[in-house]
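Look at the two complexes coming up: chain A is in both, with chain B in one and chain C in the other.
Up next is the complex of A and B:
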């Protein structure tokens, strides 16, 4: 395939062919999400929405990538990655310690449960047989790759001697790699033939495979030998896309992995889709033999937010550096984050006049604000600073006017303004003027990382749009900097595209879109009230944690919608969030959805809701008070 | 035997002669009507017409041809029903009823059998062995000289395995005289444009019966070639299929010649970012095929796959995944390639992303005649007497 002129368009795991390119693009910060015992417990489960980086993590632990990083560990670009992998125990300075064997669960397995006229036990037998075959084939292929020897040659010279007591019907151990490969290959072929056969299956295929996950027991320390070369001590089976197995198959897989106490370790990467709504919304339980890693949750912990920003920026800069057509050392350096120039100054001055006129009109009718207005008139600053200050003042004036208490019409002292003013009001003012005067709002490097919503793929897609413009400008000999207006346009286009594709992308897509439309309209309605009551804005909702059971029992459709939206990262979930002395189930909008509703990107602003209200957002039966806020005209009160 | 008025192609032979590379039978419009009139005289007997039961206004176009050619009385109609999808609006139910009533008007003496298909997980996907069982059951409904699968009102995930099972059954029986297998397909870009996929299955899948060794770990060392036959509005399909197949090489097929001469260019514009930036397709890999002739597409695919096989043989060979994103007529070309090449030992499969909900924007109140004003029925004779040497 062609070299890509825009490396942001490559998804790390699937589209990067060369191991060295993959390793160079892999940002070591991703390993922060892995607990230190990940390479010692029998089972590690990686869960996330699509695009959070699971497949990349799995690919990192394949032998050719590990060996490449180990050998090049002294080079500047690999130093950090190498150190982190060593700390995890993936390799020592002398040798790779784990033999990663990747297997995709997206292929064939689930179809085994759909064969006509076949009972559950027979289907599970086929599943275990196929999984045994694929694990064996993948381990042998990985071992050959580790030895940098063509598979056929390696198989002929390799010896397999499993631990005592491990047997395979029809195979006499010790045997050659070729014999074991032939056994597994035949088994895989027999199972596949059952699926591809046009016609009823008259008899059970001759599987000659035990009804257990014996493949995990085969490869103990020293079970594989290839001439004089030492092979990694432990096998790490890397199962990707586990969500595509049927529920029965996933259960059998987990049970078999933990029951056998086998020498091989297993990593399973799965999306939340595979989980029932209650599992998605509550989270699986960890045991002493299982490590559960929920990638987004890790990044969303407050202690890790800065790490995430750092990780995404580095990721972007790594991608920018490998572009073939242009020399761009950093994406950040090419993103302008200031609105400057005569065109903007003129626009700010016009906007300032509008806001000043409005505030002064109020001041003419209500003398209480005389000193506040006089003080503001005396303040110096750029046109934009003045605009923001006047808009802040307008919010404060609205708040005072909205108060019920009597103040006898006394002129308000400037110190009273200081008491009620704050940085959050400044943020609200910036948001309000951006919307009112159509100024760019979503721009700058920090905004770009915020818009990722803890999702690597979302970040790469957006950064890729930015980078495309930078490349095009450079190729045309123009300035490569991306101005705020253009950044804002690209972000809004991406948000709109994401919004439109919800029905085709997510389970219950239409229903989710309807729900989010109402939720987003409500958030925008509250955010843009003249008094800016929830500065800088509302970007989420919450219900009481104790209502969780009632959600499943009384509102199962709402529970499914919330679970699917979380699974696709449209909602970011924070269980057990403590606020006002109570525990809440908190949901924030994906930050791209915030753009769709002109909302700010900060966290912290959410509104508590009853389940009945949330279900109303689903069904369109919306309370009249909310309806007014949302600008809905046809709801039912 | 059929008159020579139909499109009967011939082409230069290749290293390995494909079944339809040389001779084929394809007809539409008046030639199709004449073909079936001639067949009544030259190859008489009973006809089994297999069709989908539903609201699609094109459901009865095949029956119209048989009726006009005087086959009524010799026809058994198998109306297939299946699970999946969502409840349709009332206006579509009216169309479904109108279809049924029209069918009985067109073929008043025909035997009509409703046949339920056992689909997986309430979807449109039928397993290979269920398709085989279905075909055995249908064939046993009588002694038929002609079996017609009318795919006009059937989803792809259903008609691919059923057509393959039919051909497989005909090939396996080696009956004397042979069973004549036909496919009817209605082409109507206007109507197709009014039935658009809205909600999709989460992931693509190899169609049952067309998995081959594409998913096999034993052959993971072989390169994968993906050949998508492009049509409009399929970016999400293409993206998900790419993820599922994970190909080493991509050869998109563009329609040319086409009724709209700019169609291929427009498709390139539509998919430019996806194909050339994200998936890094080599422009020289693009294949062009006549949008009105599935046999031509079959030839192009046959030739391309053979070229890749011979080029990659020294490094272990290759596996090919086909996917159809264009019209149903073109999809039949994909079906023929996959069936025939798999039967002759090639490593080839078909990958597909099923729609779980379609957005239907045509006005059902217009009635069947108005809605099918631009529809053109094509008939492909796939197996039987015309191929006996």
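Up next is the complex of A and C:
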């Protein structure tokens, strides 16, 4: 099949067959998420929702990709990546320093836990045996790949000499690669035979394999030799899709990895969905020998937000450059971020008239605002600027009118307006006019990166939609830039599609959707109050950290759906958020969900809630009560 | 034609905006690269999207959208990979289970005793006594043979259902060698399996004209039961059965042939069985009398009666919805069957390009040629 002419659709590391294409598309900024010690500690755990880039990070460290980047490090498209990998210690100018051995946990392992009649010990033995076999086989394959030699040839000539004290039953070290490969293949076959066996299974299967993860101890510096070629000193076992292992297996894996001082390092990539709610909502405990990387959390740290934006924009432009058959080399350059032209000016002027009439009507009945209105009438500016200013004024007028304090009907001074006004009110005004007059709101390069919600796949999906239209316009010989109206439409369509797929895509999908519907409606209701009390808008909620235990004990279903929503990046979690002298567990909506409720995309606006309220959102009980009490409208677009 | 140019042409023909192109292009690209570009009757360099644009250009603006939607939502294209898959299934999922089941029956054990039947020596003997004949090139006996290599040998295949005398002798000799039969003339085939890729109406296979049966299969059965035919001397008439196995067949063809087989079986006294790997659903058929099919109006308006000849008339209808009113919106990767509406495949002149041009088997020699 021909490669897609929309490179944004090449999303998963698994879909890109060619190493050179993969390396070209890999945006170096992703490596910022890896702590500098990732290539020296025994265990690094990468956790995220689907699509954050875990598999891509693992693939980067496979021998063929590293070698490709090392050899081409002087070429423009690889320079930055090469420099960053050198800084991490992945290679020197002369040689690759780590031998990455990829293994997917998606197949077979979990089945071992289901074998009936087995004690826990027996099934864990089988698990460790299979893992030993697969690690050995993967390391040998990777070594052959590094030497650019067919596996059969390499095995016959390679020598394996583990450190002293490491033993394998039935293997005399030093041995050839073929002997070790044969041992591991036979072991794998025995485990498979146990799985395929229909009859009763022995409690002590004849595996002839140690009960530890001995494979990690085999491959120290110099353990592998092939003719005169120097092999990388350190082995890096890359375990992907660890979420497919059972909880016992994951625990056994971690324990085995950290036991003893194995020369090999392990990276584990897993999705949040496999973790228990408390693990998702609180996080695993890091230790001296474990590095835990939660990819979304990394990008959400305030120090990294600019990095994320930079990373995503570079990613988008990088993808655009590799598109074949079309002359579109930058995504950014083709996204218009201004509403301009006679059609828009006319629309703004009509909208301005509407807002002015409303404010002046209030002013006629309430003389306090006379000077504010007069000042605004005297202000110059474009139609859109005036529209925003008048809408800001309207918000401020509503705030004053809503205040209980007595001001004796005195005319308010313009300086009093200045004190109350701020950029956040301007942002609220922009949101309100967009909604009222159906103006595009979600457009522009910065908006596109915000909409990613720190997830690479989400960004590529949206950017892919944008790119498809840019390419289509180019194809038709029209101007390639994508106007704000179309960008806004594409974003809303994507948000709607994402909303609809929640029940089928996520654990507890229906319950999550019900919860988010109520939470989102509440947020929209508060955001769009005429006084804009929480500028620029509410896009999240929070409860006290000290309520966390009560959440698990008294509201376990709520804990489950919150954890599932976080696991799928529908909610962005920030534990221990300090505000008003207290620590809060803060959740923001995925930015695409904000679109579903016409909410702004900035962070900072959230409402504190009691657990009882949140549980009411889950059941639907609170929503109707709130609507009645608060008289707010649903924020559903 | 380059992809981009073809897409631009199509966008012009369909009067698409950039938004329309963005929506349709990924789907078209996927269809083209996955299947449609492999159509073997396209000239070198010709691609599906370009062909589609040129075909749609024939119609009025309103009609183009209807025709386009028809192609995207109703057309069935069977790729060469899919045919190969069907061929593999033909052995694994049709022929082999049949032989296992017959072996179980001969042993007097229940049909579900699969291992017992398949490991019994009688199973291998039964399989060896099969003679597999191709009804046309489409039978792809080379692929079938490779799919069945564990059970069937080259010596039981022949590319045509018309087996020359010398070949009959050779087939029997090799059968005798394998069965270690003495005398060699005692080695006889028990099952004849006729293979073909596609049955659209079944009428080329069995045809009733003026009360008389004719067609490929009728001739074959007559030959098989004629003492003067070499083929009749290498089969065991007491135990003989004939299996006709299609990789793809329309539901109309299946119904028609089953009916005909019942009568032929009674006439010739040979058990006949029809198998199809993939039966096309009747729901895809375009009914010429339908009032709900918008594409029919286009078929009628652009119908070219020069698509008809004496061969097509044997189907008893014009070619509006295809031979014998087949109504199959079907394209096979190597050719379009004439059971499909002629508008899809017939090119009366250069100004009326088709979407999937067809190479016809029957050439009317009375027409002027090169």
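Heads up, the rule we're going with is that the second predicted complex is superposed on the first by the 609 of 637 C-alpha atoms of A that agree within 3 Å, B and C clash if a C-alpha of one lies under 4 Å from a C-alpha of the other, contacts with A are read in each partner's own complex, and residues count from 1 in each chain.
Simple rule for what comes next: a residue touches a chain if its C-beta (ideal position, glycine included) is under 8 Å from a C-beta of that chain, and two chains touch if they have at least 3 such contacts.
Keep in mind it's a predicted model, so treat the numbers as computed, not measured.
K.L.:
Since both structures carry chain A, what do chain B and chain C do when superposed there: clash or fit?
P.N.:
Chain B/chain C on chain A - steric clash.
K.L.:
Between chain B and chain C, which one contacts more residues of chain A in the superposed model?
P.N.:
B
K.L.:
Can A:486 be said to touch chain B (first), chain C (second), both, or neither?
P.N.:
The second partner, chain C, only.
K.L.:
Quick check on the superposed pair: does A:476 touch chain B, chain C, both, or neither? Answer first, second, both or neither.
P.N.:
After superposing on A, A:476 lies in contact with chain C but is clear of chain B.
K.L.:
Which of the two partners, first being chain B and second being chain C, lies in contact with A:6: first, second, both, or neither?
P.N.:
In the superposed model, A:6 contacts both chain B and chain C.
K.L.:
On the A-aligned overlay, A:501 touches which partner chain: chain B = first, chain C = second, or both, or neither?
P.N.:
first
K.L.:
Of the two partner chains, chain B (first) and chain C (second), which one does A:581 touch, if any: first, second, both, or neither?
P.N.:
So A:581 meets neither chain B nor chain C here.
K.L.:
Who does A:326 touch here: chain B (first), chain C (second), both, or neither?
P.N.:
second
K.L.:
Please work out whether A:244 is in contact with chain B alone, chain C alone, both, or neither, and reply first, second, both or neither.
P.N.:
The answer is first: A:244 touches chain B but not chain C.
K.L.:
For the combined three-chain arrangement, which segment of chain C clashes with chain B: 91-99, 163-171, 199-207 or 343-351?
P.N.:
Of the candidate stretches of chain C, chain B runs into 91-99.
K.L.:
List the residues of chain A that touch chain B in one complex and chain C in the other.
P.N.:
The overlap between the chain B and chain C interfaces on chain A comprises residues 1-2, 4-6, 9, 468.
K.L.:
For the complex, which residues does chain C have touching chain A?
P.N.:
Residues in contact with chain A: 2-4, 7-8, 11, 16-22, 25-26, 29, 33-34.
K.L.:
Can you list the residues on chain A that touch chain C in the complex?
P.N.:
By the definition above, chain A touches chain C via 1-2, 4-6, 9, 325-326, 465, 468-469, 471-473, 475-478, 486.
K.L.:
Quick one: in the complex, what on chain B touches chain A?
P.N.:
Residues of chain B touching chain A: 118, 120-121, 125, 127-133, 135-136, 161, 164-165, 168-169, 197-200, 202-203, 205-206, 208-218, 220-221, 236, 243-244, 246, 248-250, 273, 276-282, 357.
K.L.:
Can you list the chain A residues touching chain B in their complex?
P.N.:
Contacts found on chain A: 1-6, 9-10, 14-15, 17, 103, 106-108, 111, 114-116, 133-134, 137-138, 141, 151, 181, 184-185, 188-189, 192, 194-201, 244, 273, 468, 501, 503-505, 507, 509-510.
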